[in-house]
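For reference, chains read A, B, C, D and E in written order, and residue numbers begin at 1 within each chain.
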Amino acid sequence: MKRLVTLSAAAIFAALLIDVLLDLPAAALDLRALLAEAMPASGVAHPVTAVLLNTRGYDTLLEIAVLLVALLGVVISSARTNLSSDPGRTPASHVAIDADPMVSALARLVTPLAVIFAIYVLWAGAHRPGGAFQAAAILAAALVLLHFARIVPACTAPSCRLRVAAVAGFAIFLVIAAIPLAGGALLQYPPAAAGLLILAIESGLTVSLALVLAGLFLLLADDAGGRQ
Amino acid sequence: MSAALAFDLLLVALLLLAALRAMTTPRLGQALLAFVVFGLLMALAWVRLDAPDIALAEAAVGAGLSGVLLFDAWRALRGEPPDEASTAEHTR
Amino acid sequence: MSGALLYAIAGVLLFAAGAAGVVLLDHLLRRVLAFNIMGSGACLVLVGLAQRNGIPDPVPQAMVLTGIVVAVAATGLALALIRRLHAQTGHADGKTEEERVKGETGAGCSLPASHSVAGRGDD
Amino acid sequence: MTTNELLPLLVLLSSLLPGLVIFALPEAWHGLRTTLNLFGALAKIVLVGLLLAGVQAGEVYGFRHVVAPGLELVFKADALGLLFITLSTVLWLFTTLYAIGYLEGAPHRSRFFGFFSLCVTATIGIAMAGNLFTFFVFYELLTLATFPLVAHRGTPDAKRGATVYLGYTLVGGAALLAGIVWLESLSHHTGFTHGGFVATLLPGNEGALKAIFVLLIAGVGVKAAIVPLHGWLPKAMVAPAPVSALLHAVAVVKAGAFGIVRIVYEVYGAETAHALGLMTPLAVLAAITILWGSLRALFQNELKKRLAYSTVSQVSYIVLGTALFGPIGTIGGLVHLVHQGVMKITLFFAAGTYAETLGIHKISEMDGVGRRMPLTTMAFSLGALGMMGAPLTAGAVSKAWLGDGAVAASMDWAVWVLTVSSLLNAAYFLPILWRAWVRKSPEHWPDEHIVRRGYVETHWLLLIPLLVTAALSVLFGVLPADMASPLSWAQMIAEREYFLPQR
Amino acid sequence: MTERLAMLAPLALPLLILLPLAWAALAFVLGTGRGSRLAIAAAAVQLMLAFALASAVMDGGPLHHAAGGWGAPLGIDLVADGLAAAMLLLTQAVALPLFIFARGYFHQDGARPDAAGHHFWPLAGFLVAGMNALYLSEDIFNLYVTLELVGLAAVGLVASGGGAAQTAAALRYLFAALLGSGAYLLGVALLYGAFGSVSMATLTPLIAGASASAGAGASEVALIAALLMMAGLLMKSALFPFHFWLPPAHGGAPAPVSALLSALVVKASIYLVLRLWLGPLAPLLTPLAWLPTLLGTAAILWGSWRAIHAERLKLLVAYSTVAQLGYLFLALPLVGVGSTGASASAILTLQALAHGLGKAAMFAAAGIIIHATGRDRVDDVAGIAERLPLTLFTFALAGVSLMGLPPSGGFLAKWLLIDLAMARGHWPLVAVILAGGLLAAIYIFRVLRLAFLNLPEAVIEAEHHKARVVPRSAEWMAFTLAAASVLLGLFGGLPLLQLVDGVGAGEGVTSGVTSGLVPGLTSGAVVGAP
């Protein structure tokens, strides 16, 4: 019954919306023009990056906070599950198995490339597709691979150094966002320094985001087994 | 143009198919697989929408990281004996 | 109609399907998938609709990037919680969990799964 | 802030602050607690004295605090308010003394006296309220402050009684709130004024005004225990004797009656209320209550229950007097506000003293108590006679004025009501006196724990207050025409109501 | 001092967001269970900033701050009008005492916090930052991000409770929140597609224009978008029947968390409903105003009913939240001013403030009681009056505000609401509000009566032994919150109403009277006619 109601409701909704979308007149306002005017002052050549880190940089700042919150939530959960429910399960009860040589070889091969590629993507972000988040994602993937190759261990709770590294990018962003308050508005970079500042922010974010994204996985991975 | 439109239609159809499979296939493993495929198709869609940045991100995250996360969680939930990944930290 | 609008429409369909999935599916992992599909749908609408005249629009693209990050964060958190629930109860699908919870936190709570229909949550 | 603004506040604070401090006091410190209590009570009496002197000298005391645009807390000290203030202040002193003696060694006294003081604060607030908003605020405060007192013993039926009390009063409060806000949304002036202020809304709002009147009277009628809203009063008897005294003579029931007086005279105005045809129904309601209460009292064996039902009937004398259109009835009602308080508190003190000293709770156990406790029983008898309206007692004065008022208002049936109820009063009080004085006392009392020392038949703190109040009730009866007597006061108020030029 | 604060005011907008973000990150670095002092100190500063902001807004009207210096529609604007300033004030005013309470609550046995408090501080920091950002933002997409920040932080806090029940509750909450924000996001996407902007200021005239010229595709899309956003937000603000996730989440979390969630978090999405409903989406949604009122009524009745029958103390309080939230939706059709000249949104803000303070106090008190008895059943409060008089008094004071009895802020809000409803002639609303107060009285006095029950000495001794001590500071903080919610009625009403209604309504005493007079009279006459 419920299934029927929900599905039909979804179908009706979709049909209605599509119907009205088909004859939707052009938008009254077009931000592309505004953005085009703003580009020179934005400090970067790639419009998406300009929006992401300059005109709507404030969104990104909060977005990183969301990511950190998620990491915290994961830390809570993983910490819980480790010191939780079935007492019989101590980490020592895991059987150590050697890594699949293929995997580790692959990891050793890929990681440097990944790092280089990430740096390129980061740098490219200024004037063509790419940027901090993509670079970070690539690094994170490499980290996960290294983990599978058992070169990077999983951890239940991030050590202090890890926490610092994970927050560093956010902190840099925060500081750079706050400095302009002295004279002007939040995140209002002086046009001259804008490019540099954005690059600084992005580099910081790349490291931190990579750690956070990888952390989302590694923190969970540790007790992936042991559910028998 | 029409060729492009045809490609778009095909892509959209595949997208919907993958999405439905991800939600409805009885086997969870296949569902996750379908979801990863869905992520890749999304990346393709973003390319078609002249949004290479999103395509990159989607490929790296939507398909890559989320995929790994999901598969790992799936294995954990099935309560399989710990394999390499899970016991890694104790090998050194 | 332009290709972009086509993707927007696909987005609407994906959103509807995903939302229905979040409401209906029992297994929590599947609900995570459904949520991600729903999010992707919304993102497609955002960009596709904005670019329906064929010209790329960086603003919604940047927004979608933000949206993807947020989605990843939510997914990570959801998975962590699901695994923890599984570790604590040995269950990861709505039904069994619902029963447990009714047992533990008293009546009056039930899963979103039973929540497309108004007021169902309390009986 | 001038003295004329400060004084009303001080009158409030003189019981509020001690109350709050007492809450914080450790149970063991009864020395300090007692001092605070008495200090508060005496300070209040002094302040009220100042207030009286000032009003006599024509000073105008008032204080207002804006709570929200168009909503003000207004305190003022007018003649009617002062009548009530003086009554409750004086009786509070004696009730406090009595309570200190009564609760000696009992648990949770900090809690008790804390709420006790809050309760009186609320009563004073009601008396000084200058508009309906303020009145309502303190009316609800009174409910909140009395609930813990009724529940104080913590026994299951104490809790039951308290819950019943709460149910009645909160529902009444809701009705009152609805009525007040409705009236406010009609006329943006809810300040009490001689001759009322709703006249300006006429003609055009008769229906609304009648409905509002019903809501308001229902709201305050609960506390005034008008039938059929009286159910809580007998149940609340589980409370300790001082609390019963407070409920019946000083605070709650009186607040209800006082509220009716305010609403009839200073919100609607006698003229308007009469014009709207609201007075006669009110009078009928009061008459029914009077007779019903007296009838129920007849069949109670438990002393406090019988007194409770007698309160139900006696308080409606005030309502009846208010509803008798005309100055004489008004005077009768107002003067009974005071007289009933003095007499009823005497009776409750005595009942409590019997229970505390000899463990007497039932009338059937009172045989010969007059010999064992002559002073207490004498006071009790005076109070009882006053209730019956025997000559030379306060009761006689009020009943006389009420009767004349009824005749003057050409409501002769009311005279009959008064006569019948007096007979009923006699019917349920005289047997008690007979038992107490004439019957032989048993070998041993139900539960005697204060043994007789010399002439003192019980703890002096229990004895003094009831003797004083008994003396007062006689005094008011013997020289009613005296300047300071409640009667002359009531006359002054009535003059203002009827013969002052109306706005 | 005051003028220095006034100078500070414009900076307060960004600082109220950056500061909590900063200390949250710092607390995260400091590690498990650390950072309480930092948080408390920062919260004190934030409270000061919020005060400065509020006073500045009251004197000089709304404050703007263009993030990045671009300004809407290209950039993101922060705007602090009276409503936002009031909500910011509420958030900081509740957060500070709650943090002190939480420090005592989590750290009671020596320095080591109990597990539930391990990650409380960073999460709480991000939560507060998210809420402040939400109140200040004027950009509907940025609002989506803040919604997610608040939502995920809240879920994390619920999960920190530890038990399986909490995990389950957190998951339920998470999926409800994600469903809600997803719907909201699609709404944003449609609005951007239809009008090409996500700035409220830009959208308001565009939407008005589109809906004026009926039949245009834009208006239909806008309507669907509006409905989507509202559905999402109502889901997040747990309005009946979307409340299913709230009781387990709020009832299961550790006391300080429950207090934060019930007092503040739900208010955030409700604020957004109000802001959008009365703002850009007004032309689309005004015809539907009866719907939230209906749901609000249902929430009041249903929530109270469940609270009356709840077995667990915290579940009772949680259901009372479900009921109290209903009030906040009653007044949506009551635009305009009542006889006192206070506007609906001002009254709702007052109600939100009173409930926020009162509910925080009540959850804190419940937490203390549960610690003391070691159990979470309503029946276990029996005899608490003897052991925790202060906490019981706190509970009672908070209850007074929730029941809407004088002189509490809840009472003032209730009075003004009834007045407004009568001035508009919405008589059923009056009945609902009065009934809601009485129902609240039933479930609150259900606890208070039990507390007065005398226990045999032996039992009390036994209880004393197994009682876990809660620091005095925690008890006093709970009491402070309760006292604040009561005193709000006496001293907070006037400034608050003026703050929200703008300086113009300062003379509401007179102007409001004249403006409210006419409808008041007519409605009275209508009803008066037999």
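In this text, contacts are C-beta pairs under 8 Å (C-beta built on N, C-alpha and C of every residue); 3 or more make two chains touch, one makes a residue touch a chain.
Since the structure is predicted, the reported quantities are computational estimates derived from the model, not experimental observations.
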Ordered by label, the neighbours common to chain A and chain C are B, E
Contacts shared by chain B with chain D include exactly none
In terms of CA centroids, furthest away from chain D sits chain B
When C-E and A-B are ranked by contacting C-beta pairs, first place goes to C-E
The distance between the C-alpha centres of chain B and chain C, rounded to whole Å, is 15
Per the C-alpha centroid definition, the whole-Å distance linking chain B and chain E comes out as 39
Distance between the CA centroids of chain A and chain E (whole Å) is 31
Rounded to the nearest Å, the gap between Cα centres of chain A and chain D is 72
Listed in rising order, chain B residues that touch 2 or more other chains are 51, 53, 57, 61, 65, 69, 73, 76-77
Check: chain C positions touching at least 2 other chains come out as 8-9, 13, 15, 17-19, 23, 43, 49-50, 52, 61, 63, 65-66, 69-70, 72-74, 76-77, 79, 81-84, 86, 88, 114, 120
Among all residues of chain E, those touching at least two other chains are 141, 145, 148, 152, 155-156, 159, 167, 190, 192-194, 196
Here the pairs of chains that touch are A-B, A-C, A-E, B-C, C-E, D-E
As the complex stands, chain C meets chain A at residues 1, 5, 8-9, 12-13, 15-17, 19-20, 23-24, 49-50, 52-53, 55, 57-59, 61-63, 65-66, 69-70, 72-74, 76-77, 79-81, 83-84, 86-88, 114, 116-117, 120
In the complex, the residues of chain B that touch chain C are 4-5, 8-9, 12, 15-16, 19-20, 22-23, 28, 31-32, 35, 38, 42, 45-46, 48-51, 53-54, 57-58, 61-62, 65-66, 69-70, 73-74, 76-77
The answer for chain B against chain A in the complex is residues 51-53, 55-57, 60-61, 64-65, 68-69, 72-73, 75-92
Per the touch rule above, chain A residues touching chain C in the complex are 2-3, 5-7, 9-11, 13-14, 17-18, 21-22, 24, 26-27, 31-32, 35, 47-48, 50-52, 55-56, 59-60, 63, 66-67, 69-71, 73-74, 76-78, 80-81, 84-86, 133, 213, 216-217, 219-220, 223, 227
In the complex, chain C touches chain E at residues 8, 11, 15, 18-19, 22-23, 28, 31, 35, 38-39, 41-43, 45-46, 49-50, 52, 60, 63, 66-67, 70, 73-74, 77-78, 81-82, 84-85, 88-89, 97, 100-101, 104-106, 108-112, 114-115, 118-122
